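Every chain is named by a letter (A, B, C and D) in the order it is written, and numbering of its residues begins at 1.
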Amino acid sequence: METFIGAVINGLALGMAYALIAVGYSMVFGVLRLINFAHGSIYAFGAYMVYFFISIQVGLFWSIMIAIVLSGILAMLVDKLALEPLRKKQSIPIASLITTVGVSFIIQNGLALEQVFTSEKKGFPSLNLFPNIMIGNLTIQSSQIIMFAVALVLLAVLSYIVNKTKIGLSMRATEQNARAASLMGVNTNFVISFTFFLGGCSAAIAGTLISGYYQIISPTMGATIGLKAFAAAVVGGIGVLYGSVVGGLVVGVVECIAAQYLGSNVRDPMAFVILILILIIKPNGLFGKKGVSKV
Amino acid sequence: MALLQAKEITMQFGGLLAVDSVSFHVDKGEIVSLIGPNGAGKTTVFNMLTGVYEITSGAIEFEGKEIHRKTPQEIVDMGISRTFQNLRLFGKMRVIENVLVGTHIRTKYNFFDGLLRTPRYQKEEAEKTLKAIDILESIGLGDKINELASNLPYGDQRKVEIARAIATDAKLILLDEPAAGMNPAESEELLRFIRELRDKGYTIILIEHDMGVVMNISDRIYVLDHGKMIANGLPREIANNPQVIEAYLGGKREK
Amino acid sequence: MKKVLAVLLALAMVFVLVACGGGETPAGGETESGAEGGVIKIAVAGPMTGDNAEYGIGFANAAKLVAEQVNAEGGVKVGDATYTVEIVEFDDKNESDEALTIAEQIVSTPDIYGVIGHFSSGVCMAAAPTYQDAQYINISPTSSHADYSSIGDYIFRNNTVITVETRTGAEIAINDLKGTSIGVLSIDTEWGQSAGNAMEENVKDLGGNLAIRQEVAATQTDFATEIANFRAQNVDVILVAGMYETLAPFALACDSSDYDVKLVGCSNAYTTSLIDIAGEAAEGIYAPVAFFAGNPDPDVQAYVKAYTDKYGAAPSALTTQAYDSTYILIEAIERAGSLDREAIKDAMFETNFDGMSGPTTFDEIGDAMKVFTKIMVKDGEFVVAEF
Amino acid sequence: MKEKKSLNLLAPFESFVDKFKVPLSILVGAFLIAVPFLGASRVAMRNLVMIFLYAMLGMGLNVLLGYVGQVSLGHAGFYAIGAYTSAILTTTYGWSFWTGAIAGACVAALIGFLLGLPTLRLSGTYLTIVTLGFGEIVLMVLRQWESVTNGNYGIRSIPVPELFGWELTLSNGGFYWLILFLSTVTAIACYTIKNSNAGRTLIAIKEDELAATMMGIKTTRYKILAFVVSAFITGLAGAYYSVINNGYIEPNNFVFNYSIQILSVVIVGGMGTIRGMYFGSALLMMFPQVFRFLNQWRFVIYGLLLVLMMQFRPQGALGWQSTLPYKLPRRAKKALAEREKAKTVQ
C-alpha cells in the first residue's frame, strides 16, 4: 500500500510540473486555438538563463527573476515577429503551427550551439533549500514542496489576472471571439502578445522549479516533457486554467502509478494513452467548453 | 398530394423559440416564396427542411415520406438541395469542379474505378462533365467554367451555387436570397433562369427580400414574422395585407 | 495516362537534377593518391551535433591526436614508403539515414583505409554491411550489439565486451562492497538491455542476492518511483547500466531523497561530466574501467597530458577507446606492409596492442579482450578504488 | 488569401510544361532510367533513392494534409508499421519481399482505418494531437513487444527484393529503378485519385465541410478513406526502407523527428500538389548535406527557413494555383467537338 501512496505523491509533484508547463500551452491555445510548439523550448531557455546568470555569480533569486522576464520577452518576440504577421495576412492555421515548430528548432538548437551552451548536459543548482520531510519511510523532498507551493502561487496569480483584471477580461473576450473583441476596442494583438508573455514567464518558472528538482538540464529537455504537458493541458480541457492543473496532476499520478506497476518505460507514452481515451469520450477534455459552431 | 408538407414544425434553441409550429406545403412545379423581416426564422426553416437542425417537434414529409429525422445527406439523396444565404462555394476549386461536386451524390463509379481509370469511370465522368457544362451554359456561365469560384463577381458566384444545387438532380430546390447583391440586370436574368427551371419541372422555394423578384415570380407566398406564420396566399393578396406591411415596416401590432 | 506520366516526370527531372548535382561532390574531396609517400586517410564517423555530440567530438579529438603524434614521429612506414595520416570527420547525427549516406561517401573515397566509428549500436549495425562489402576496415569504439562484429571480417569492435565488464562491476558490488541486496537499473537502449542482462547473470554467478531489476527510458530524469522500489527491497548496492546522463541524475535523486546506497556504473561512466553534474552526489560511485587517467603508467600519463593540453579536458573512457582504435588501425597497416585492404584486415587479427584502455587483442570474430581496473570517485575526482 | 501578382510569371512556365509534356516526360524518363549508367556516384544514387522514398512519404501524408486538410504529426507511426510488418513477415515467416511489402501497407491501412474511426468526431487541432499520441504509442509498442519486434535490438538481415533471380540492391542499381518505378506509380495514383470524384470530394471537405455535407457527401466516410489511403502509401514506403538501411531496422528509425520531416516535405514542397512532394523531398534530403559545413547551425537555419517560408510562401515552393484550363475527359471533349460541328453545319 505504501508504495502506492509513494507513487501518488511522486505523481502529484511530477503532475504539478506538467501543470506549470501546461498552463502556458493552455493560455496560448485559448486565445489563438494554436498548439505553441515553441513553448517546450522556451521552458528550456528559461532554465538555461537561470544556469547562465548563476554561473556569472548572480544570486539564485535574481537569476530566476531575470530568467523569467527574459523568457517572457522571448515568447512575446516569437509572437510579434513570427505569428502576428501571419494573423495580419489571415494565412492558413497550418502556417502558424509550422512556424512554432520552426521556432522550436531555432531556440532548441540555438542553445546547443558550440558557441552558446553546447549540447552537453549541465548540472543545475538544487532547490532542496531545507531538509526533507519523512513520513514513515516516505521521504518528501523540499524541492517537491517548493515546486508545489510556487506552482499554486503562480496559478493563483494567473487566475487572478485572467479573472479579475481588466487585461484578463480582454484576454477572455479575445478568446471567445477575437473579431468582436477588437470591435469593442480591445487591442487583440496586444492581448495576444501579453498572453505569450505570461506563457513565457510560466515556462521559465516551470523550467527553474523542475530543473531545481532534477538538478540536470539539456537543450532538448523541453521536447518530451513539453509534449506530455500539452497532453495534460488537453486532458484537463485546453483553454481552461484549472483544467490544465487537474490535467497535469492526473497525467502525473497515472504516469507514476503505471511506472510503478507496469514498468518505467511505459511512462512516456502513458500521457498519450490517457489523452486519446479522454479525447474519444469527452472531445473537449474534462473541463473544456463545447464550442457551438453557427451555420 | 403536395410534394412537400410541413406540419406545425417547431425549432427551439434553449429558451429561444426560433420557429413556432409553422405549417405549409409546396406542390410539384410550383414556385413558393418565403418572406419576412430579418430574423423572422426563414433560414432556420431552410435548415430544418435540409436536416441541418433536428426539429424540436412537428413533421415534414417529402413525396409522402417523413424526412425530419433524416441526415442532410439522405435528404439530398431524396431530391432536396439548397443554396446558402452567405455563399458557401469551394473557393479554390474551379467553377466546373464546384458543379461536379454537386454531381457527387449521383456518381455510381467507385474509388477504384477512379483510381484505375476504368471504362466505367471514363463513361460516367464524361457524362457528368457534359451535364455540368450544360447546366453552366443554361445559367449563362458557359465561358467561365475554368475560373476559380472565388475570383467570380458576386452575382456569378450566386449562379454557381444554384448550378451546383441543380447538379444533384434535385426535384425541390431551396434558394436562400439568390438575388442578394445582384444588380437589376442580373436579377432580371435570374428571374428568366428560375422560370426556365420551373418549365423544366423543378419545384422551387425562394427566400428573398427583393419584392420585385418575389411578386413577379411566385405562385404563392408565405410570410413569417418572429417565427410565426402570419399570412399566406397569392402575391397580390399578400401585397396589400395590412399585417404583412406592418411586420415589414415595424410599429405596434395589436395582440 | 501519357499526360499524367508526362507532367510528373517533367517536374521530377528538374529537381532531381539539382539533387544529383548536390550529391556529386562528396564532402572531403577525393584526392587520387596511394603513390609513394602519399596520404593515408582515416575516417571518423559519429554524432558531432545533436544529443550525443560530445561522444562523436571525442572520437574526432582522439583520432586527430593520434594522427598528430604519428605524423610527428615521421608518419606511417608501409613497405618502404612513409605516409602521413589525415583524419576526415563525418557527422552522422546518430541517425542511420545520415550514417549510411556517409558510409557511401567513405567507400567511394579510395584513399580512406579505415573507419573509426559510428556511436550507437543501431547506427553501427546499419552502416557495417556497407563497409564490409567494400572491404573497408570499420572499428567501433562503442558498439555493443551482440551480432555487430559477426557482420563480417572487416568489422571490429574496440569496446569492452559487456559480459566481461559487468563481471568486474558485479565483483565490486558483491565481493568488495559486500552488498547484501543488489539492484540493477538499466536504460531501455539496446546497450542498456544487454548490459542489464549481463549484470543479472554475473550477480547470480557470484552468488549475490539480486533483489530487483528496473528499466528506465534513456532520457528519464525522474527516478522517484525507481528509488521507492529499490528501498522497498532495502537494496544497498545498485549496478547502473546507463551513461552519465542517467547515472548522474540518479545519484542526485538518491542523494536528495536521503537514500544511502552505493552505486556501481559501467566503464562509460568514467567521464568528468559525471562529477560536473552530480557534484558531491558522485562521491563514492564505483566503476570498472579499462582506461583510467589516474593510472601511474607513464604512457598513460603522457597521453592524458597530451589530450588535456590539446583539448582542455581529460579524456573519457570512450574517447580513449577511439584513441586506441586509431593506433590499432595504423599499426595494422604498418604490419601489413601494404595498402591492400585484405592484408590490413588479416594484420588486424594479429593485433596485440597495449593501449591506454588496456592490453587489446581481437578474438576470431573481432571482439576485443580487455583487462579492467576498479576506480571510485573521491573528493571530486576519480581514484583507484579502496574498499 | 488573394494570390499574388507572381502568378502570371508562372503561367507561361506552366503552359510550356503542359504543351510539351510528352517530349519532356520521355526526356526525363530516359534520363532518370539512365542515371545508373551515367556513372553517378554511389552517394548520388543513394540521395536519389532517399528523395524518391521521401517523395512517396510526402505523397502519403499529402492525401491527408493536402487533399482533406487534416494535419498529422504521427505519420512516422504508419512508416514504422509498414517497415516492421514486412520485416517480421519476411524474416520470421519467410514471406517474399513483395508480399511482405503489400502486407505491410495493408496493415498500416487497417490501423489508419482504426485510428480514423474514433477520432473523426474531433476537430482539426484535437485530431493533430491524437496523431501525435499515435506516433509515440507505436514507438512504445516497438520497444516493448520484444517477442515479436525484437525491441531495441532491431531486426537484422531483412531480405532484399528479388525479380526473376536478380537481387535489386542499392549497389547494383536494381533498387534505384524499383523505387523510381514505385514513386512514379504512387504519383500517378495520387493524380488519378485527385482528379476523380473521390479527390474532388476530399478537397470539397477541406474547403467547406458543411457545404460538402449539404451536397450529400458523407464527410466522415471520406475522411476515413483519406486516412486509409494515406496510411497505405506511407506503410508501403516503410516496407522499402529496410533495403536502404542495409536490411536492418530499429525503433530509433521512426521517432517523432521523422514525422516532422515527412510533414516538412509536404509543407515546404507545396500542400495539395504532387510536383511539390518531389521538390520538398529533394530540398529536405539535400539541405543537410549541402550545408554540412555549418554543423550545428544547420538546424537553426532549417528552423529559420520554415518560419520564413510560412511568412512569404505558405502555399509552399510549388504550391501555386494552376492557371491551366480544367482537363476535360477525352470523351467529353469529343462530344463537345461534335456538338460544335453540328452547330456550324446548321
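The rule we apply is simple: a contact is a pair of C-beta atoms (placed from the backbone, for glycine too) under 8 Å apart; a residue touches a chain by one contact, two chains touch by 3 or more.
Keep in mind that what you see is a predicted model, and the values were worked out from it rather than measured.
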Next on the checklist: Counting hops between chains that touch, how far apart are chain B and chain C?
Outcome noted: 2
Checklist entry - Closest chain to the protein CA centroid? => result D
Item to check | chain A and chain D, separation of their C-alpha mean positions in angstrom | outcome: 34
Checklist outcome for this item: dist(centroid_CA(chain A), centroid_CA(chain B)) in Å evaluates to 49
Checklist outcome for this item: CA centroids of chain B and chain D: separation to the nearest Å works out as 40
Item to check | Between chain C and chain D, centroid-to-centroid distance (C-alpha), Å | outcome: 37
Checklist entry - Do you know which chain A residues sit against two or more other chains? => result 112, 119, 265, 268, 295
Next on the checklist: Among all residues of chain B, which ones touch two or more of the remaining chains?
Outcome noted: 52, 117
Checklist outcome for this item: The positions of chain C in contact with two or more other chains are 1, 49, 53, 188
Item to check | Touch list for chain B against partner chain D, complex | outcome: 50, 52, 72-73, 76-77, 81-82, 84, 88-94, 96-97, 100-102, 104-105, 107, 109, 111, 113-117, 121-123, 125-126, 129-130, 133, 145-146, 148, 164, 168
Checklist entry - If you look only at chain C, which of its residues touch chain A in the complex? => result 49-51, 53-54, 188, 214-217, 219-222, 224-226, 228-229, 231-232, 244-245, 248-249, 252-253, 256-259, 273, 276-279
Next on the checklist: Quick check on the complex: what are the chain D residues that touch chain A?
Outcome noted: 1, 65, 71, 118-119, 121-126, 128-130, 132-134, 136-137, 139-140, 143-144, 210, 256, 260, 263, 267, 271, 295-297, 299-300, 302-307, 309-311, 314
Item to check | chain A to chain C touching residues, read off their complex | outcome: 2-3, 6-7, 10, 13-14, 112, 118-123, 126, 128, 132, 137, 139, 141, 143, 214-216, 218, 220-221, 224, 256, 259-260, 263-265, 267-268
Item to check | Residues of chain D defined as touching chain B within the complex | outcome: 189, 192-193, 196-201, 203-204, 207-208, 210-218, 225, 321, 325-326, 328-332, 335-336
